[in-house]
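Across the two complexes that follow, chain A remains constant while its partner is chain B and subsequently chain C.
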Partner chain A sequence: MRKVVKKTLRYAASFLLIVTLNFALPRLMPGDPVKNLIGEDVYVSEAVMEELRIEMGLNRPLYEQFTAYIGDLLMFDLGYSYHLHSPVAEVLRERIGWTLLFVGVSVLLGAALGTLLGAYAGWKPETKANRLLCYGFITLSCTPPYFLALLCLHIFAFKLGLFPFKGFYDVPTLGSVMHHMFLPVTVMALFSASRNFLIMRGSVIQEKGQLYALYARAKGLYDISILFRHVIKNASLPIITLLALDFGFLFSGALFTEIVFSLNGMGTLIYDAIMGKDYPVLQGAFLVIALTVLLANMLADLLYAIADPRVRRPT
Partner chain B sequence: MGGLFKKQSGPSMLFKKSRRKTQNRGRQKMKKIKHFIRSKLKSKLKRQMTLSIIILILCSNILLAGAAGPKDSGENLTPSEGGIFDRIIAYIKSLLGEGELQDSAATSGAEASEVQQSAAEGAALKIATPNVIKSASFIGDSNLGIFAHLSNPPLMKMDSEGHIVGQLAESYDVLENNTCWTFYLRDDLYWSDGEPVTPEDIEFSIRYYGKEAPWANWINDTLESSTVSEADNSVTFKFNKPYTRINLEFATYNILPAHVWKTIEKPMEYINEGPYVGCGPYYLKQIDLKAGKLVFEKNPYWEGKIPEFGNVEIHFYSNVDVATLTLEKGAANTYYKYAGSYPYPNIEQLEKTGNFNFLEKTNLGLIFLAPNLKKAPISDLEFREALSYAINYEEIVRLETLGYGEVPNRGFVPPSMEAFKETEKLEYNPEKARKILEKAGYSDSNENGILEGKDGKDIKLEILIRPEYARTGELLKEYLEQVGLAADLRTADADTWVTLKDNYEYDLTVTRSTPWGMLMHASWGSGYFDSRRTGQGVMHNLDDPEFLQLCDDILSTTDPEELQGYAYELQDYYAENLPAIPLYWDNVVTPFNRQFEGWYADPLYGIYNLDNFVNVKKASA
Partner chain C sequence: MMQREVYLQKNTRQWKDFIANYLDLDVRKYKRALKKFNRGGLFLFAFFLILALFPSLFAPYSPTERFISYEAPSTVHLLGTNDIGNDILSELIYGARISMMVGFASACISTLIGLMIGLCSGYFRGTLDELLMGFTDVVLTIPKIPLIIILGAFLHPSIWTLILVLGLLSWESIARVVRSKTLQLRESGYVKSARCMGFSSFHIMISDIFPNLIHVLLPKFMLATASAMISETSLSFLGLGDISMKSWGIMLSFAFSRGGFIRDMWWWYIPPGICITLCVMSIALIGFGFEGREKENEKRGVDAE
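Moving on to the complex of A and B:
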C-alpha cells in the first residue's frame, strides 16, 4: 500500500513538473509569436501588434499567464491555436486519431516482428539465416527513417506505382486508407522492428546461457518450449521499457515519415507549432505526449510485475 | 507367458540383457550421429543449392527483364544504359503482372499521357505544390488565400508585364488627391449559387478584411467611408489620407459573397471544408487536409470564357522532392510554388521524360546582402563599394541557381519588375576592391594580412545567416578574406535572425525579398529599407532623407509617368548608395504539360492566375 502511494506521488510530481516545463519551454524559444503570425512582408502598426498581444494574453506577466494556463487546464481547456484558428483540443483530437492509426499500428507491428525474430535470432545466432537477418536489421536501424521513407517511396510509389505518394487517403474509405497507409506503416514498423530485434536478440543470447534454460533442456523440453515458455519471458523486460518509451515517440517521432508521405499527423503539428511559435498548440501537444509516456510507464511497471515475479515479490 | 519371463530373469540373463541394451544404444547413437551428419549436410547442401538456383534464376530474369524493357517500350535505350536498380524494378513489375516490361521513363511517359488525355477530356487539371494548407480557414490560412484566387478572384490583377489591371473590376478612377478610389465592376459576374456579384459584395469584403484580419487592419484605420452605386455598378472608397497603391493592394484580397459571409461573426475562426461560394470560373468545392488536396469545380454560373478542365485539383506535398516525383510520374500537370521555382536540380530529370515544357521568368524577388548601415565600417559608402567588387557573382549564380539566374545590376530591382531601369552590372574585381579600400584609408599597417579600420583595429565582419544561406555565407567569407577582410559566420534560426536583425546586431546579413515584398510600401523594394517600417523580413536600415523623400514621393502619386520617373530615381539611388548588394537574380522555372498551351506567368503570382485556368487548352498537334 505504501508503495502504491509512493508511486502515485511520484507520478503526480512528474506531472506537475511536466506542466510547468510545458509552459516554460515554448516561451524560452527565441522569437515573437505576434510577428510570426503577421508574416514576413506584412506591415502592421505597433498599435495593432499590441492589440493582438492583448488578445493572445501575451502582454500579461509570465506568472499571470502561468496561472491562467493552469486554470484553463483544470477546466480541460487547452487554449486556442494562433495559426490553425481552432481550439487546441479539437486539433489534437483530430491529429491524434490519425497518428495513432499509423504510428500505433507501426509500433505494435514493429514490436511483434522485432521481438519474435529477435528471440529466434538470439536463440540460434550461428545460423546463416539469422546472421543475415541480424545484418539486415543492423542496416535498418542505422538508416535514417527519412532516407528509408524516401527510398521506399521512390521504389514502390514512383518506380513501381504500387502506392500513392501522399495523404491518409484519396477518398475516405477503408480501402483507400489502407492503400495509403501501407508504405508509411511498413517503413515505421521496419524501423521499430529493427530496434526491438537487436535488443531482443542480445537479451536472448544472454538469457539462454542461464541455468534455468539449461535445466529446462535437461528436463527434456523442446527448443521452442524453452525459448517461448521460459527465456522470452525474462528476455522481454528491456523490450517492455523500450515500448514504454516508444509511446512518446508515437506522437512526435514520426515527423520525418509524415513529411515524406505528406501526412497531417502530430509530428508535423508540433514542428509547425515550433516554427510558428504557436504556444497553445505546443503546450497541448507536449501535455498529451507527456501524459501518454506517464501512462505507458505505469503500464510498463505493471507488465514488469507480471513478467518478472521478483518485481512483485515484496523484498 | 508371464512365468516364462520370470524364469529367465536370472543374473546372467540380466547381464546379457544390459549388454544387448548398451550395444543397441551404441548402435542407435552411431546411427543417429550418422543420420544427423548426413541430414545436416544434406539439408545444408540442399539449402545452398536451392539458394544458388534461385539467385541464378533471379539474375537471369532481371537481366532478361532489363534487356526486354527498351525493346518492348520502343525506346532507343540499350540494356547497358539501364542500371541494375532499374532492371530489378522492371523485373518486379513483370512479376506483379504490370503488362509489358517497360523502361521506367517510358512508363512515366505513358502515365503522363494518360493524365494529359484525361485532362483534355474535361477531367482535372492537377497542380502539385509544396505550399501546404495547414488549416481549412478560408480567411486565416495564407496559402489557402492564394489558391482561392481561382474561386474568389480579387478586384484587380497583375498582367504579365507587371501592370495592375482590372479583374472583377472593369476600370477604376482615382480622385481628390488620391484619397478617393472608384472601381467599376464587370456586369457578367455571378456567384456559384446563382446570385449576381454586386458592388455591395466588394464593399463588404474590403470592410470585412479591415475589421477581421490583423494583416488588413490598415483598411480599418484609413478607410473613411464607402459608397456603392447600382446605376454604374461601382463602389467608391474614401480614405483619410492619400493612398496611391490601392489598386495593387486590391490585387491580393479575395472577394467574398456578402450574403454568405455576413452571418459569420468570426471569419478567422470559421473552419469549413467546403464548398465555398465563389465567383471565378471555378468554386472551391472541398478542402481535404487529410488527403492533401483542394478541389475546385466549374462555376455553373460563370459567363466568361469556358475553361477546358472539368475541375482543378491542388495537391500539396510537405516534401518538395516528392512533389517533383509526382510530375515525373505524370500524376500532376504542372507545379506551383508562391515566390519560388521548380527545384533547379530536378529540372534535368523532368526534361528527360519529354512530357514537359518550361516557363522561365526572372523572379520578382531576389537574394541580397544587407549591410548594417548604422555600424562602421559598413556605414562608409566606399567600404560598401569595395565590398561590391569583392564578391564573385558568377560563381554564386552558378552554384546557387545552376544557371537559372543571372548576375544582378547595382540598381537592385530585377528586370521583371515594372519600370525597371538598366543600371551598371555588378562586377567581381578583387584588385579594384583592394585599391578602393586602400584609398579609403583601410590599410594593413601591422602586416598581419587583415585590414585595419579607421580606429586602428583589425576589421572583423560578422556575417549573420540563416541555415538556408549557409553556402552563400561560406562563399562570402572566402571572398572577403581574399581582399583582406576577416569575417565570422554566425548562423541563426529564423526567429533568432529576426531578433538580431531588428537589434542591428550584425555587420552583414544574407536575406531575400519576395514578390510581394518588392511591391509593398513605395514598391521597388523600398519597403525592405525604409527605417520607418517594421516587419519580420524587412531590414529598416535606411534613414537617409533623400531616400525617405523618394518613398514619400512615390506614395503620393498615381500618375504612371511620374511613378516611372521616381522608380528610375530609386534604382539610381540603390546603384549609387548600395544600401543592399544584390547577390543574384534567379529565375522562376515552371514546368507544364507539353500537350497544353496558353500558359503565362505574372510577376506576382506566377502561373496561378485566373487567365491560365480559362485560356490553357490542348495544343494543336
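Moving on to the complex of A and C:
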C-alpha cells in the first residue's frame, strides 16, 4: 500500500513539475514575457502590447497568474496561436490523433520484434547469425532516427518509387493509409526494436543461467519451450519498464520521422512553430506530449503489476 | 645477460621480446589490456579523435573557403560542394571537433551531477535518499527532447546553451547507478573502518567510495556522450543548433532544408550521417566493452574483496 502511495505522489509531483515548467518558462526566459507568450514574429504596436499585458494578467503578482493559468488549463485553454489564427488546443487536437496512432503502432511492432529477436539472440549468443544481428541492432540504435528515415525515403521512395513521399493518404481509405504509413512505421519500429533487442538479449542471457532454467532442462523440456514458457516471462519484465521510459524518447523520434516524411502530425507542427517562433503552440505541444508520456508510464506500472505477481503481493 | 642476447639473436622475429628487453616496455601487457576493450570501437574512436584534434592535417581546404556551389564529387572536391560553395569533405572533417565536443562536454556535466546526487543519496540514505530519488524519478518521466526543443527555442541557439541544456537534463540514469553501487559499498569493511576512525563523511565519499565508482561511471559516461551526440544532431536538424559552428547535425539539416535532398545530392547528406553513426557507435561500443568487463569482474568476485 505504501508503495502505491509513493508512486501516486511521484506522478503528482511530475505532473506539477510539468505544469510549473510550462508556466514558468515564458515568464523567466530572457525577453519580454508578452513577446514570449504570443510568439516572436508577431508584430504589434506598443499600445496593443500593453493591452495584451493587462489582458493576460502579466502585471499581477506571480501566484495570481499561476492560479489563473491552472484555471485556464482546467478549461482546456492553452492560449491562442497568432500564427495559425486559432486556439492552440484545437490545433493540437487535430494533429495528435495521427501521431498517437503512428507512435502506438510502431512501439507495439517494435516491442514485439525486439523482444522475440532479442530472446532468440540471447538464448544462443555465440552463433554467427546472432552476433551479426546484435551488431546490426547496435548500429541501428546509434543512428539518429531521422537519418534512417532520410535513407529509407531516398532508397525506397526516390530511387525505387515503391512508396509515396509524403502525407498520410491520397484518399482516406485503409489501403492508402497503410501504403503511406509503411515506411515511417518501419523506420520507427526498427528504431524501437533496436533498444528493446539489446535489453532483452542481456536479460535472457542473465535469466538462462538461473536454476529454474536448468531444472526445466533436467525435466527434459525442449530448448524452445524452456525459452518461451519459462525464460521469456521473467526476462521481459525489464522491457515493460523500458517501454514506458522510452515512450518519451520514441515520441520525440517520431516527431523527426514525421518531419522527414512530411506527415501532418505533431512533428511538422512543432517544426513550423520553431521556424515561426510560435511559442504558444510549442508550449502546448510540450504539455500534451509530457502528459501523454506520464500516462504511458502509469499504464506501464499497472501492466507491471499484472505481469509480475511479486509486485502485487505485499512483502 | 649474455644468454638472453643469444636467445634474442636466435629468435629475432620475436620483436615483442626484443622490445620488452631493450626498451623496458612489455607490449604484451598492453595488448592484454587492449583485449579487454572492444578493439574495433577503440580504433574507430581513435580515428575520429585524431580528426577532431588535427582537422587541418586532413582537410584539403578551409571549411569557410568558397568555390562554385552545388558541384558533384570530382578529384578536386572529393565530396563536392554545398549550397554556398564550401568543400563538403573539409566541412565534414572540421565538424568532428564540434560534434564530439558537444557530446563530451555535456556528458561531463551530466556525469558530475549524477555522481553528486547518487553519492549523497546512497551514502546518507534516509529522508535525503527518498527526496533525491523521488526527484530523479520525477525528472526521468519528463520527455527530454520536447523540453530541450522549447528551451532551445526560447534561448537563442548557441553551442554553450546546447551543451548546458543537454548536460542538465540527462543525469538521472547515472544517479541511479551510482546510488545502487554506493549503497553496496557503504556496507563494506573499509568504509566501516574509516567511519570508526572518525573520518568525515565527505572524506570517506571522496577517498574511499569514489575510486570504486569509476568503473561504473566510465561506461555510463561513454553512453551519455553517445546519446548527447545523437540529441545534438536531432536538435540541429530542427534548426536549434549553432549555425556558426557547423557540426555534422547542422550539415545534415542544411542538406535537407537547402536543396541537397531534392537535388539528389547523396554525397552531401549521407557522409555526415554515416560519420555520426560510426562515431556514436564507436563510443557506445567502448562503453559496452567496459560494462561487459564489469560484469565479468562481478562474476569472478573481484569486487567482493
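Everything that follows uses one rule, which is that the second predicted complex is superposed on the first by the 251 of 315 C-alpha atoms of A that agree within 3 Å, B and C clash if a C-alpha of one lies under 4 Å from a C-alpha of the other, contacts with A are read in each partner's own complex, and residues count from 1 in each chain.
FYI, a contact is a pair of C-beta atoms (placed from the backbone, for glycine too) under 8 Å apart; a residue touches a chain by one contact, two chains touch by 3 or more.
Predicted model only: the values in this text are computed from it and were never measured.
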First (chain B), second (chain C), both or neither touched by A:Leu62: neither
Touched partner set for A:His85, first chain B, second chain C, both or neither: first
Partner chain in contact with A:Leu150 - chain B first, chain C second, else both or neither: both
Partner chain in contact with A:Leu37 - chain B first, chain C second, else both or neither: first
Touched partner set for A:Thr268, first chain B, second chain C, both or neither: first
Chain B versus chain C as contact partner of A:Glu258, first or second or both or neither: first
Touching partner for A:Val48 - first (chain B), second (chain C), both, neither: first
Touching partner for A:Ile70 - first (chain B), second (chain C), both, neither: neither
First (chain B), second (chain C), both or neither touched by A:Phe158: both
Those residues of chain A which chain B touches in one complex and chain C touches in the other: 29-31, 36, 150, 154, 158, 259-260, 275, 277
Residues of chain B defined as touching chain A within the complex: 86, 89, 92-93, 96, 98, 104, 107, 111, 132, 134-135, 137, 140-142, 214-215, 217-218, 221, 268-271, 289-293, 315-319, 321-322, 325-326, 328-329, 331, 493-496, 498-499, 514, 516-517, 520-521, 527, 533-538
Chain A-touching residues of chain C, taken from the complex the two chains share: 134, 137-147, 149-151, 153-155, 226, 230, 233-234, 237-240, 249, 252, 256, 261, 264, 266, 269-270, 273, 276-277, 280-281, 284-285, 288
List of chain A residues in touch with chain C within their complex: 6, 9-11, 13-14, 17-18, 21, 25-26, 29-31, 36, 138-139, 141-147, 150-151, 154, 158, 245, 248-249, 251-252, 255-256, 259-260, 270-271, 273-275, 277, 279, 282-283, 285-286, 289-290, 293-294, 297
Chain A residues within the chain B interface of the complex: 29-32, 35-46, 48, 51-52, 83-86, 98, 150, 153-155, 157-162, 165-172, 258-264, 268, 272, 275, 277
